[in-house]
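Note that chain A is present in both complexes that follow, paired respectively with chain B and with chain C.
And now, the complex of A and B:
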């Protein structure tokens, strides 16, 4: 199967390095035991994403991508981390919860996922010459790393961090594949995300109130 | 590369090595609102040490006598083939990437033997920690630089630097940043800086690198400290010129060399600021967390290497 994608933007060092920073910050979040550090890593992840979108906007000259980049900065790099941080401080502060898998083993798993993502993306799409060549594998890899954060963590808020990292990765794929969806779609997605994070924050707050803890392994005790 | 250029870069590296430590200490002092000691303080310390009596146990083996000289010798040898100002291959027949890593390992073993030689508990403890961390750091360093070596089709350091510098826009892939991060973690650990080790600590139980030289005195200590500083500068130069080679000269013309010198000094100053900031902002890690930290470096280097080969094909 050979899918055709617009191959306008040549690979550039700036985008490649930013994609590297994007992947690196996701891996950093996966290696963290502390919630606040993971949220900071998500913030860097969003900043890298916003910068990639800004570069694409400058090169293509499309105004709606520039607006989308600004929205990414405002919502993903400022508002959502602030909401998450507030929730984290309310729910017992910066307490450490050991993940299901120890951090070194978890990092090894993440490494395997990244390699898998890179090899499979190449097998599916071939070696392109556009920014896709770096952005698409990175976005698939980051999606997998985000999912791994979601399944390997006990604390509910950490799982939310995993979710928003997955969302960032999908946004990166959208930006590099289509050079930006229509602005209405982008705004809708960002608004949905914001509402989603706010709702998840509320839910985490409720879990905290009911159980006195956000360790999701204890949720099963509701059954009894 | 002409003999003159090799001598010039060796002299530069050996002479400037203690200065870099002084600059970091100065920036750190400024960040802590202190005036700090002058940047040339390290040279004065070395001079003072050189003038002091060297105390050696009567049971000291010949190894203890020659190790400080061997250490400095190995460090100076490293300087001869590290690309500093120019990418013209010089002593490529004598030393490449693998030889560099091997010499670094040899220095480590010598230092550990020296620490064990004295027979004190702190020396032995520091030596065991030092070797344990090195065993983790060394493969990460090799993997990270191999990412670049694969693309340059050579393990010669000068050629790698030239290849990265001449790279077209499509060349620098995301894995470059991963490899750079990995190598930076290794350099932090190898030079014994926060968060792995604390270079100014006086608490023996927390020492790694300083603990090994506790029983050495006089000009032997001066030689060891100088060798350590040269080794550190060589590692930093490798990061500067292999991963960020922009500004390095392709020719041996004086103008290009002058520009390369400025670029090199600028990069070293940047590293000094980064190290001083890290040391001021982060706390030293628990020893048992350090293997995790170095394991991350290894993993990043591994990801860099595999994803690089996969995307390039």
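And now, the complex of A and C:
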């Protein structure tokens, strides 16, 4: 354990650093116009999440958290990005995901959301005492940023990226509030997420097949 | 315990068998046999619950009480007629419709049984994490079924359904995490803090701030799944584009399952903060759903979309009735959840026969149904009185009880709003139905399905009408037990 975690490195600082990387990668995804770059940002987001879970596992010494961290790493940082990339490549390569709002305006909105999340979470949960105190506001902020990505993009696959970022943020909330849920539950949640992303990818393919495009603003045949 | 595990296992096992059998002529029979076995086991479970009371099983992962038994009955009693009708309808579609997906044989049956299995697990789960996993599983299975046809509308509907419900369900996961956190300090033991029975018993020691936050997220998440306004926008698209038996199952069984998940959070919150706070929110969102559905019901031209908005209205009424919080209203609301399932399943199955016969989804394209096809016309009339809540349909009794309980409660304003909405809906649906039933039929309408397809619909109609004039003692006891679970 000491090899993994040298004593001279303060643990709370490590967690803070990783939480910062988590939030920044989500913001980076929100700032991207290129789909593949956004998927890479999601991958970094997942890596940060897996590392936070690993730190928690080392600190608490609980084996089931270590296993959960490994699963998070395998599914969120490897499998899901691969699925998304394959779908993106099939849909004509590195397409530009034109946002409704320009990138600077979008960044300003995201910054506002982050400030809102930090102030409100502090008010509700207090300053917190555990080493994960910094994670909860980050998780709330990232949820909002993910939702912002979902509503501000036309491209179907970009909305999926927003959705998986929201899922990551909720996972971070679970880790930081409760040191993770029981292993069986986490495994089930990850399995559902994996199948869900595969299905979303399938339907992105179908949208393209029927519309010749994955611009979701053109999905308007059903009304009233 | 004895009846529970077979009940939960029969659907997945049947689904696996269907996948293995493929094109065999046994595949539809396995589907029907699995649904029939599930119904029989659910009835046995009800008998066990009525005599023996609530119990937990499988090391605290599963439990059975009045609410579980009631929802299990709704799910299985609707699944059987839907599967029965589907066994006649889907081969017809595969033969005639060029947008039919031509799925690998056995896959439709397997997915339908997978959906049934997920709904039953979600109903009987005591562990809130397991409940979430099962409901997400049901969402995924039903999304594939919504996208069955290969036409732009179906793809659009399935996409909206999957994206909106995925966001909703991740909020529900956050709700689960928050509840787990609020109880984490009370239960040292691994996973016990996720068990609903533990949480309810210890509700008064939970931190009310987090319980309230969890309830809000659960209301948004599972409420989106149940189709409460304003999270309902996926619903008319999904119900109108899904194959008919699937739409019938989603608008009844999946609705009941999602509402029962929401009621689990409601029960904990009511025990923690006192009933007034969650009841107020239920009344607000229930009344909002009813009011919002009214204009869409009035101007609707498509039959299945009309049913979808009616579904929102009924879900709103059930939620509102529980929000009234008086024993009579809660009883009425849960009874309404039961009987409206039969009316709505019947109305949706008719959409298959009539819509395919008239080659149209629009109501003005099949006038004079009573003359064109007396059997279908009569069934359509029964479905109509069921949906508006006229005697002798059971929905009349349930709406009456819910509103009577509402006027006796402290939320008389909401009861008045609900009554007004029901009156307007009554007028609107009467107009639509009189156009469909009366008048001169169009040339060349013929019921495209074999006469055997009427049998499951007659069965649904019979239950709907019988429950309107006679409430058997076991049914009443079951609903009373379920009401005890929701608001003791």
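To be clear about the criterion, the second predicted complex is superposed on the first by the 208 of 224 C-alpha atoms of A that agree within 3 Å, B and C clash if a C-alpha of one lies under 4 Å from a C-alpha of the other, contacts with A are read in each partner's own complex, and residues count from 1 in each chain.
Here is the rule we go by: a residue touches a chain if its C-beta (ideal position, glycine included) is under 8 Å from a C-beta of that chain, and two chains touch if they have at least 3 such contacts.
Because the structure is a prediction, the values reported are computed rather than measured.
Look at chain A after the overlay: chain B and chain C fit there side by side. After overlaying the two complexes on the shared chain, residue contacts for A:79 are found with neither chain B nor chain C. When the two structures are aligned on the shared chain, A:211 is found in touch with chain C, with no touch to chain B. By the document's definition of touching, of the two partners only chain C reaches A:199; chain B does not. When the two structures are aligned on the shared chain, A:37 is found in touch with neither chain B nor chain C. When both complexes are overlaid on chain A, the residue A:174 reaches chain C alone and has no touch with chain B.
Applying the stated contact rule after C-alpha superposition, one finds that A:182 touches chain C and leaves chain B untouched. After overlaying the two complexes on the shared chain, residue contacts for A:111 are found with chain B alone; chain C is out of touch. Of the two partner chains, chain C is the only one that A:156 touches; chain B does not reach it.
Least inter-chain distance for chain B and chain C in the combined superposition, rounded to the nearest angstrom, is 20, based on C-alpha atoms. For the contact definition in use here, the chain B contact set and the chain C contact set of chain A share no residue.
Residue ranges on chain B touching chain A, taken from their complex, read 169-178, 181, 291-292, 295-296, 299-300, 302-303, 306-307, 310-313. Those residues of chain C that touch chain A in the shared complex are 127, 129-130, 132-133, 136-137, 140, 143-144, 147, 150-153, 155-160, 162-163, 166-167, 170, 173-174, 176-178, 180-181, 184, 190-191, 194, 209, 213, 236-237, 240-241, 296, 299-300, 305. Residues 124, 143, 147, 150, 156, 159, 163, 166-167, 170, 173-174, 177-178, 181-182, 184-185, 188-189, 191-192, 195-196, 199-200, 203, 206-207, 209-211, 216, 219, 221-222, 224 of chain A touch chain C in their complex.
Considering their complex, residues 10-13, 16-17, 19-24, 27, 31, 103-104, 107-108, 110-111, 114-115, 118-119, 122, 127, 129, 133-134, 137-138, 141 of chain A touch chain B.
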